[in-house]
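First chain A sits with chain B, and in the next complex the same chain sits with chain C.
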Partner chain A sequence: MRARTLLPVMAAVALLALVPVLAPPFYANLLVPFFGYGIALLGFNLLFGYAGLLSFGHAMFLGLGAYGAAVIAGVLGIKHFEVVLAGVALGALLVALPIGLLCVRYTGIFFGMLTLAFGMLAHSILFKFYHLTGGDSGMRVPRMRILGLEFADYNKIELLAGPFYYYCLALLLLAGLLMWRIVHSPFGLHLRAQRDNAQKAGYLGVTVGRFRLTAFVISAVYGAVGGAILGFRVGLADPELVHWTHSGHLVFMTVLGGFGSFLGPIAGALTLTLLQDQLQSLTQYWRFVLGAILAAMVIFFPRGLAGMAGDLAGRLRPAKREAPA
Partner chain B sequence: MSAFANLLVGGIFHAAVLFLVAAGLQLVFGVQKIVNLACGSFYALGAYFGITLANLALGAGLPAWTLLPVLIVAGLAMGLVGPPIERLLRTVYDRDESFQLLLTFALVLMFQDVLRFIWGPNPQSLGNVLLVYGKVAAGDLSVPVYNLLVIAAAIAAAALIGLFLRRTNYGRLLRATAENRTMAEALGVDVRSIYAVVFTLGTLLGTIGGALVVPTAAASLDMAIDFVIEAFAVVVIGGLGSMSGALVGALLVGLISALSLVLYPEFEILAIYLIVIGVLLLKPSGLFGKPAT
Partner chain C sequence: MTSLIETRGVSKHFGPFCALENVSIAIGSGEIVAVVGPNGAGKTTLVNVLTGLLTPTSGQVFFKGHDIAGVGPVALAKRGMARTFQLVQIFPGLTVAETIAVAVVSQQGRQWRLLSQLSGNADVDARVREVAAIFGLERRLQTAASMLSQGEKKLLDVASAFALAPEMILLDEPTSGVSTAEKHGLMKTLLDAAEAADVKAIILVEHDMDLVATYAQRIVALSEGKVLADLPPGPFFADPTIIETVVGKRRSR
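What follows is the complex of A and B.
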């Protein structure tokens, strides 16, 4: 990582680390879902930005994370968040392998539709099998120990705004570093090669299907970890998490931030989390505003916030040219 | 036996409405290669406006038999949202299909709130007008005539679309554009106007479908995002871009959901998705579609 990328990232991390200290607990609490979405979108963008596969059913893996947390901590009673994370990661691996195997045979609109169908299949299972999943009222995700510590003196808000906040920040950093290594490894290069020209990459020896499948599984694991964080924060896993409109929101955040860049989706998650909170307190018609923003981004700034920032930086420093991602 | 027959008619009615919306989706995809997620929103728009207009018309003293024409007029009127939306979509015709999909998703979000703004958050319904045309009874089987009229209207629409696409000159231009846009344009076809017409027609089919359904069901904000998934199932089963596929797909989805509703309610939507996934895996182009790429 060069200094030009590293410095703003370190500044952002320092700023995020200061939020619980400087701001009221409300803001730290508000940012917890951002960490969940940030991790999920790191994985989502491996699939969308780097592998070129737009999934419209990715929310099913966030749901898997949340429902996994409800099952492991609530039903089985293992109230350790690390166990939950390991469990949902394994679960995502097991679910994503067969689904991915079937989906990655296609690209473009067919991949999107197949993932959408699988996502809605998951939604209708969660929604309809009331005795197993609680139907539309969902399943409770109980409070858990993190790092084996109870934090008995903290109420839920204090836990979320304090220890859990830093836990999630660390998790996001870890997930980000790991993803940085993944996309800059030969694996990442292969993924991009098959995205730009699958046939040519195939002739050059890239096992296209296997690379796509691996990307699909990794993104599913990231999604499940993000979903577990969302479940812990709300204390509930409900079928809306898996609805296709939620998958749409994941795509929204990614495009808002810019899927052509590594950090774009995280910026998108942060922006949308804060924006949605502000809009919801201002108007009950916040969906309209979000839709208008999405339309404007798609039409005028298809490279997202990251692209805008890149253009701005390029204008300030005309001598240096931005290297392609 | 009569319960089964009732079920069958119910399923076919559902299929008739599904066909109208799915036909709009197919037309737009076939020619413009855009998967329009907002087709469910057009459906909801038609439904809400249908209720408003029918209440106005019947309240103003128009005879009850005007219900069907009034609803069709409501659907036609709401088709007017088509051209401005087509103008918006024109900005992304040259982009990747994921951007086009996202723009229609943005429309879904915006329509949700437009409907909420105009008609409020509570479901709206038309009151007791389903039986204004009476009903047909044969043994234990009894079907509102209205439902039969809608089924007939959907069949007429299917026939008209088929004639339009196959027999008229404009239909041929339209199919040529669908086949090869660049070639059609090079031969002097005004692709821009074709796109505008096709999208408006697609919108019309959605809004009319929505308007026709309101005597039998309430209009709610969720109907947009629920129905688009069903319409999507229809086009996937039938094959993207194929009109006969839409017809067969609509019948399949309509009948299966009616059947499973009785046999095993948990399976209602589940069964449809399983068929969708099965079709996508075995024959991704659908039953009547062209090979996938």
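What follows is the complex of A and C.
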């Protein structure tokens, strides 16, 4: 990893690690969903930014993670978060394979609409099969052991703001490192090649369909892991997690942060999590303000926060270089 | 001489329209064959049949003895055939080095290594530099493909096809969009590169009769989907009826 990327990342990790120590538990608790979204968006951006496929149904995989946690820990009673993570990752793999096989034959708006349709289908199944899924009241996600430890002395808020916070930070780092390797691998190169020009890529030996499907499945697994974190935090798997507006929320965060960059979507998730909290305490019209911000970003900074940061760094750098010359 | 690629009685119909009718040609190792013909003669259809993109309505296509009808571009790339397009095809978001590396990764079979890192991979890197040097792109390796000049984009397009180390390459109007003065320079670069890369046969689809006369060892002329002539340049240009059909129409435009 280059120093240009590594230094800001290390600074951000150090800052995040200090939050539970320096800030009231409220803030650490607020940031737990950010970790969930951060992991989900790493996957989402493999599909969107690197493979060029914009899904409007990606929330179904976050829902799969949360409902999977409810089933494994609640129904089956296996209250170990690691088992839940492995289980939902496997579940996402099995669900994403057939859906992906159908969807990746299409690109652009057709891919978007097809994923939207599958997302709505998933929502209606969760909503209507009341006896299985609890319908609109959802399914309870019980408290689980993490790394085999009970943390019996901690109440839920203390658990979330302490051990679980660090656990999620570590998961985000691990997921980020893994994704960094994936996008910089030969696989990542072929993925970007088919995004830019599928016909030319085919003649250079890129098996376009298989690459898209693999990206779809990996992004689903990341989504489910993120969803499991969201479910653990709220203690509930709710059908609203799967609603298409939640898929829109993922797109919002990605565009806000900048889908052209590796770290952009994570920056978007962090910004939106903090912004939403602040706006909600200020005004009941917070959705209106968020909408205005997104519109302004798309018009004035289409490359998102990451693009803004890049431009800023670019302006500062030449000044430094010119000084000694 | 055993043929590298061969069509036997290939016909291709699009509904009632017959684009190719009973086309039988064979191209052997060491040959540079030009495919010529007026617009609508079936050149593009023939190219698409030869590159496995279209399945012929009847007849067979063999590449190195294997039936390749409709197998698709990826399978052909693996078997040793590369092509370039009339309109320049690049990956706008990739650098020159990355564009060439796409083909190198395919050729070396590394594309499913999800966790190995591309940067610093000596095998890929060496091959990328080698190919870039043949096409004079070695100083542009880190430039985004979208920032290259039109001529450089053309070279990059062809360079990436050569990076597959193909046995046969199909060049679809390689000099289109290039100024008359630069055409021969580009053709020489391509042929030198083909020799350096040990390419065994070249199919050249070309409108420019000057280039065809200079570089082709054999000329296949198509007219209305049929093979009008399959001759070396000498007899080809000596036959006024063929020239009338192939070139005359272009002059009268």
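The rule is simple: the second predicted complex is superposed on the first by the 318 of 325 C-alpha atoms of A that agree within 3 Å, B and C clash if a C-alpha of one lies under 4 Å from a C-alpha of the other, contacts with A are read in each partner's own complex, and residues count from 1 in each chain.
FYI, a residue touches a chain if its C-beta (ideal position, glycine included) is under 8 Å from a C-beta of that chain, and two chains touch if they have at least 3 such contacts.
As the structure is a computational prediction, the values presented were derived from the model and not from experiment.
Asks: Does the superposition put A:P8 against chain B (first), chain C (second), both, or neither?
Replies: Once the two structures are laid over each other on A, A:P8 reaches no partner at all.
Asks: Is A:P24 touching anything from chain B or chain C once the two structures are fitted on A? First, second, both or neither.
Replies: Neither partner.
Asks: Who wins on chain A residues touched, chain B or chain C?
Replies: Answer, by number of touched residues of chain A: B.
Asks: Of the two partner chains, chain B (first) and chain C (second), which one does A:G314 touch, if any: first, second, both, or neither?
Replies: In the superposed model, A:G314 contacts neither chain B nor chain C.
Asks: Contact-wise, after the overlay, does A:T207 reach chain B, chain C, both or neither (first, second, both, neither)?
Replies: Second partner only, chain C.
Asks: After lining up the shared chain so the two structures overlap, which partner does A:F187 touch, if you call chain B first and chain C second: first, second, both or neither?
Replies: In the superposed model, A:F187 contacts chain C only, not chain B.
Asks: Regarding the shared-chain residue A:P98, is it in contact with chain B (first), chain C (second), both, or neither?
Replies: neither
Asks: Is A:R195 touching anything from chain B or chain C once the two structures are fitted on A? First, second, both or neither.
Replies: Once the two structures are laid over each other on A, A:R195 reaches chain C alone.
Asks: Going by the contact rule set out above, which residues of chain A touch chain C in the complex?
Replies: It comes out as residues 178, 181-182, 184-190, 192-193, 195-197, 199-208, 211.
Asks: Using the touch rule from the top, collect the residues of chain B that touch chain A in their complex.
Replies: The contact residues of chain B facing chain A are 35, 88, 91-92, 95, 97-99, 101-103, 105-114, 116-117, 225, 229, 232-233, 236, 240, 265-270, 273-274, 276-277, 280-281, 284, 292-293.
Asks: Contact residues on chain A for chain B in the complex?
Replies: These residues of chain A touch chain B: 48, 54, 56, 102, 106, 108-110, 112-114, 116-118, 120-121, 124-125, 127-129, 243-245, 248, 251-252, 255, 284-288, 290-292, 294-295, 298-299, 302.
Asks: Using the touch definition from the top, list the residues of chain C that touch chain A in their complex.
Replies: Interface residues on the chain C side: 51, 72-74, 76-78, 82-83, 85, 89-94, 98-99, 101-103, 105-107, 110-119, 121, 124, 157, 160-161, 163-164.
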